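Quick heads-up: structures coming right below.
Two complexes are shown next, each including subunit A; its partner changes from subunit B in the first to subunit C in the second.
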Partner chain A sequence: MRANSMSLRIGAAFLHSEFLNISVYRVSFWLNLVYTFLMMYSVGYVWRALYAANPDAAGVPLPNMVSYAVMGVALEAILHPRNGPQFYIMEQVRKGTIEMDILKPVDFQFYMFTKNMGGLAVRFLFLVLPSLITAYFLFSLKLPHFSALMGFALSLACSVVISFFLNFMLGLLSMVTMNIKNINWGYNAVLRFFSGQMVPLWIFPGMLRILGNILPFRCIYSIPASIYIGNYAGMDMLGALGVQGTWIILLWISSRLLMKKVFARVMIQGG
Partner chain B sequence: MIEVKHLKKEFKIPVQKKGRFAAVRNLFSSEYTIKRAVDDISFCVGNGEIVGFIGKNGAGKSTTIKMLSGILKPSAGSVTVDGIRPFEQRMENARQIGVVFGQKTQLWWDVPLIESYRLLREIYRIDNITYQKNLERYIPMLGLEEVINKPVRQMSLGQRVKSDICAALLHDPKILFLDEPTIGVDVVSKKYLQDFISEVNREKGTTVLLTTHDMGDIEKLCSRVVVIDSGHLMYDGDLESMVQRFGAIRSLMVEFEESVEDFQVANAELVRSEGNRKWFSFHREKTTPMEILHFIVGRFPVHDIEVIEPDIEGIVRNLYESK
Partner chain C sequence: MRNIWLYGQFLRVAVLGKAQYKADFFVGIASVLVLNAVNLSLIGILVYNFDTLGNWGIWDLMFLYSFWMLSRGIYGVFFWHLSDLEEMIVSGNFDAYLVRPASPFLQFIGKEISYTGVGDFLVGVLGFLLAAAQLKLKWQAGEWVYFVICVLSGALIQMAVNWIGASLCFWTTRSHAAMSIVERFIVLMQQYPANIFGKYFQIFVTCFLPVAFINYYPSVVLLNKAEGGTSFWQYLSPVVSLVLLFVGALVWTRGVKRYAGTGN
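Right after this comes the complex of A and B.
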């Protein structure tokens, strides 16, 4: 309980400081909001045009498809790798101040997590919610059933944790390689493709679909958005949540192991 | 408080190949050279002491401080900080120490200073009373009132270092490691920092290990110094004995009534001649100012004299060169 209340307090402190951060970079914040609106509008438009040409384009009704695509764009505001902790870690490594972070009497992964969650909560409140509300009126989005909404909330929480673990491991890599800009760019491309953020995985051809189902990336966009539009309901939904849960455990273990290994190297080699 | 025994730290440095396809061969190379940054150093620091830790750039000072703060693993030997082994018990150690690296900040770049302090309060689990008391005490002492709402990226170097020292002391650490805190800092801020460090040391009994190139810091703050060079311990003892032992070369300035030709004096060396003045340097065990004067006064009309004691900077230079 003590650990929980402490993590909440550190989380609250980071939320506050990230809020101040975002208010410092106001221009970038407004640009982000405009970008999100424009992207939502264009994906909505593209899917309508596709359905006008071929009503069976994606195998689900048009309103569902538009909801899925809009959700993909809105969630990008919190799940895009640029919002992960890896850039903070990389910057600290390059400035040589990462030692000051390792010196703090708190678990490094936990520290990065709370710090990341602060920024994420702020972006969720000020980017994701306003864009979804706007989209609701713009595209007359359907609200899902109560059970789907609950499942979606739970699944979204899981996808946040999964994307954190993946981003965090990239950040650890930057302690070894100094620069992860290119790696991150590649990661983002793979993520967009195999997470179903742009195009839903279920319309992929054979091998690609199988690969997409094996990789963890679908946990990040595809699963929560599919639950939202009711593609995964009942047992399917539970199964999808189970997949997310399994990946959380796997990634948690592997990120701990990687952290141990990288820290040992940095502390023996002197970074 | 701090015990360092036969401490060693070796780094493996990959050998950079030269010649054809060097860049490619470097990618697959597994050749290393071993660099010994710290080589068999032992010293102790007692409770409440301020110890100056000096040495040239690359002498191994920062490496030692990193091992004391638990972010580097010693290759051999042992380190304990108030009974805690820093590397094995990094968290426990982190809670009892404060660290300031003059060139690195532990504060968050974009948020106002006070916000960084609030985060540290949560991270170090500082209770509210201690936190408030320390802030109210340290902010005016360091003159941080005007920057408390400024983010670190807008601060001058002096303001940043002062903010960092305040941050390192918020959780009442037992030991404070200061690694070149006054580097690049102006004279006024330097004075603030020196006064502040000695005040905190007196008031709270905080043990301080201070690395610096600034001999003013040493003279003002430290009663004891540890000197290292190329990873080896050169000297460990009080400041006065160091002056006695390594400040053996003194100088005598003699001003004559009129300009005189250069001349030699037994056991002393004429080092400078300028107008009516001449400077002689001599070893304190070989001769005395009186002997030299005795020789001179009989021959030339003397107007004024001055005995110049070596400054610490000169002593340290002697020490490095005497190796």
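Right after this comes the complex of A and C.
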């Protein structure tokens, strides 16, 4: 019990310091906001142009589709791999100061998690929320039913955790390869494609759709956004949340195993 | 004349410098190919489902995208490092150019060459050949000449826009942020035909930030996409590029003068 309340306190401290870190970069904050508005504006137009030619092809009404797309843009501020812990880990490895992080009297993964969540909480409050409010007034984002909203919130929390685990494993890789810039680049491309961020998975042709449904990436954008627009309701929503929960457990176990392996290797090398 | 020879020498040195990192070269090209494949497949899936995007079919869009890639490849190889100007000014490295007996612009432009542009260019060639075959383009010599000129002027427009943006840091010392917004804007713009974004947007990218002249208007002309016939101003990409270059040269010269004058 004591140990628990202590790790909570440590977590809160990391969260606070991360908040201070991010509030320093004001220019990049405004830049991000302008970029997000621009993107929300344009994805709306792309979908309107597509629906003008063929209103039934996507299987959902246009307002829902636009909401889905706007959501994909707004969530990028927290779900883009550039916001993960992997670059911090890589930098520490290169500077040779990673032992300082590993030797801290807190579990390394938990430390990275709280540190990352601090950053994401700030980004959520100052980037995602303002974007969504603006989107409601300007870019025809519609409000969902209460149950969909609750499901969305829960599902978004799961996406954040899943995205953290994937990013964290990339960070672990950097302890072995020293450089993950290119791997991260490839991961970003795969994520953009199979997460359904830009184009929803359900309009993918045959094999690609099956592949997209097997891979964990759809947990990151597609599931929360689909719940938001009411595409997954009732039992479907619970099923989708179950898929996310399963992936959380699977990724948690595999990241622990990977961490053990990588640490063993790093220790042998003498750090 | 001496300047051209000098630029050639600078580029030779830049190429030799890059040639030390062969693995970087291949990984760089490969990642450009992957990114383009993802972009193209996403557009492909959309149009596969919906047939057209504002009267542009799938191969029209392929043509539009490849056109941009061709010009972006050329721009990228020679001018990608324009955005380094901020860092050079902040660190003071730019001052070295001012004391050497050659134009600072030439030294700055010739300092580096970037190979990711080669990947973009390859995608452009491939995409163009595919689209041209599928669209059954039968061009006369005139259209080929216009096509080549427009690809070059597209590269120059991108260069000029970034040149102007980069030069701003002679006044503000910071320009990277603004440049990256414009860059993202261009990336977004060039994948879709500009007419789907509504009238105001189209006016903006035609008159104020004329990036629609990079690939949109040339494609409108060459694919005959204009409703009610092509208007004369849609042919004007080469003129726009020259005007922008002129503005760029003006801003740059004033910037350098100001920078050198205040003793920074």
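Methods note: the second predicted complex is superposed on the first by the 262 of 271 C-alpha atoms of A that agree within 3 Å, B and C clash if a C-alpha of one lies under 4 Å from a C-alpha of the other, contacts with A are read in each partner's own complex, and residues count from 1 in each chain.
Assume a residue touches a chain if its C-beta (ideal position, glycine included) is under 8 Å from a C-beta of that chain, and two chains touch if they have at least 3 such contacts.
Bear in mind that the values here come from a model prediction, so they are computed numbers and not experimental data.
Asks: If subunit A is used to align the two complexes, do subunit B and subunit C fit next to each other or clash?
Replies: Aligned on subunit A, subunit B and subunit C fit with no clash.
Asks: Answer with first, second, both or neither: which of subunit B and subunit C does A:N182 touch in the superposed model?
Replies: So A:N182 only meets subunit C here.
Asks: For the superposed arrangement, I'd like the angle with vertex at the C-alpha centre of subunit A and ends at subunit B and subunit C, nearest 10 degrees.
Replies: Computed angle, apex subunit A: 90 degrees.
Asks: Is A:S42 in contact with subunit B, with subunit C, with both, or with neither (first, second, both, neither)?
Replies: In the superposition, A:S42 touches subunit C alone.
Asks: So, does A:A58 touch the first partner subunit B, the second partner subunit C, both, or neither?
Replies: A:A58: touches subunit C, not subunit B.
Asks: Taking the superposition as given, does A:R192 touch the first partner, subunit B, the second, subunit C, both, or neither?
Replies: A:R192 contacts subunit C only, not subunit B.
Asks: Who does A:M100 touch here: subunit B (first), subunit C (second), both, or neither?
Replies: A:M100 contacts subunit B only, not subunit C.
Asks: Quick check for you: in the superposed arrangement, does A:V34 touch first (subunit B), second (subunit C), both or neither?
Replies: Only subunit C is touched by A:V34; subunit B is not.
Asks: When the two complexes are placed on top of each other via chain A, what is the minimal CA separation of subunit B and subunit C in Å?
Replies: Minimum C-alpha separation, subunit B to subunit C: 10 Å.
Asks: Along subunit B, where are the residues that touch subunit A in the complex?
Replies: So the residues of subunit B in touch with subunit A come to 11-12, 37, 63, 66, 69-73, 87, 91-92, 94-95, 99, 101, 103-106, 108, 110-112, 115-116, 118-119, 121-125, 151.
Asks: Give every residue of subunit A touching subunit C within the complex, in rising order.
Replies: 27-28, 31, 34-35, 38-39, 41-42, 45-46, 48-54, 57-58, 182, 185-186, 189, 192-193, 198-199, 203-205, 208
Asks: State the interface residues of subunit C toward subunit A in the complex, per the touch definition above.
Replies: 27, 31, 34-35, 38, 41-42, 45-46, 48-54, 174, 177, 180-181, 184-185, 188, 192, 196-198, 201
Asks: Would you tell me which residues of subunit A are touching subunit B in their complex?
Replies: 6, 9-10, 13-14, 16-17, 20-21, 24, 95-97, 99-100, 102-106, 111, 264, 267-270
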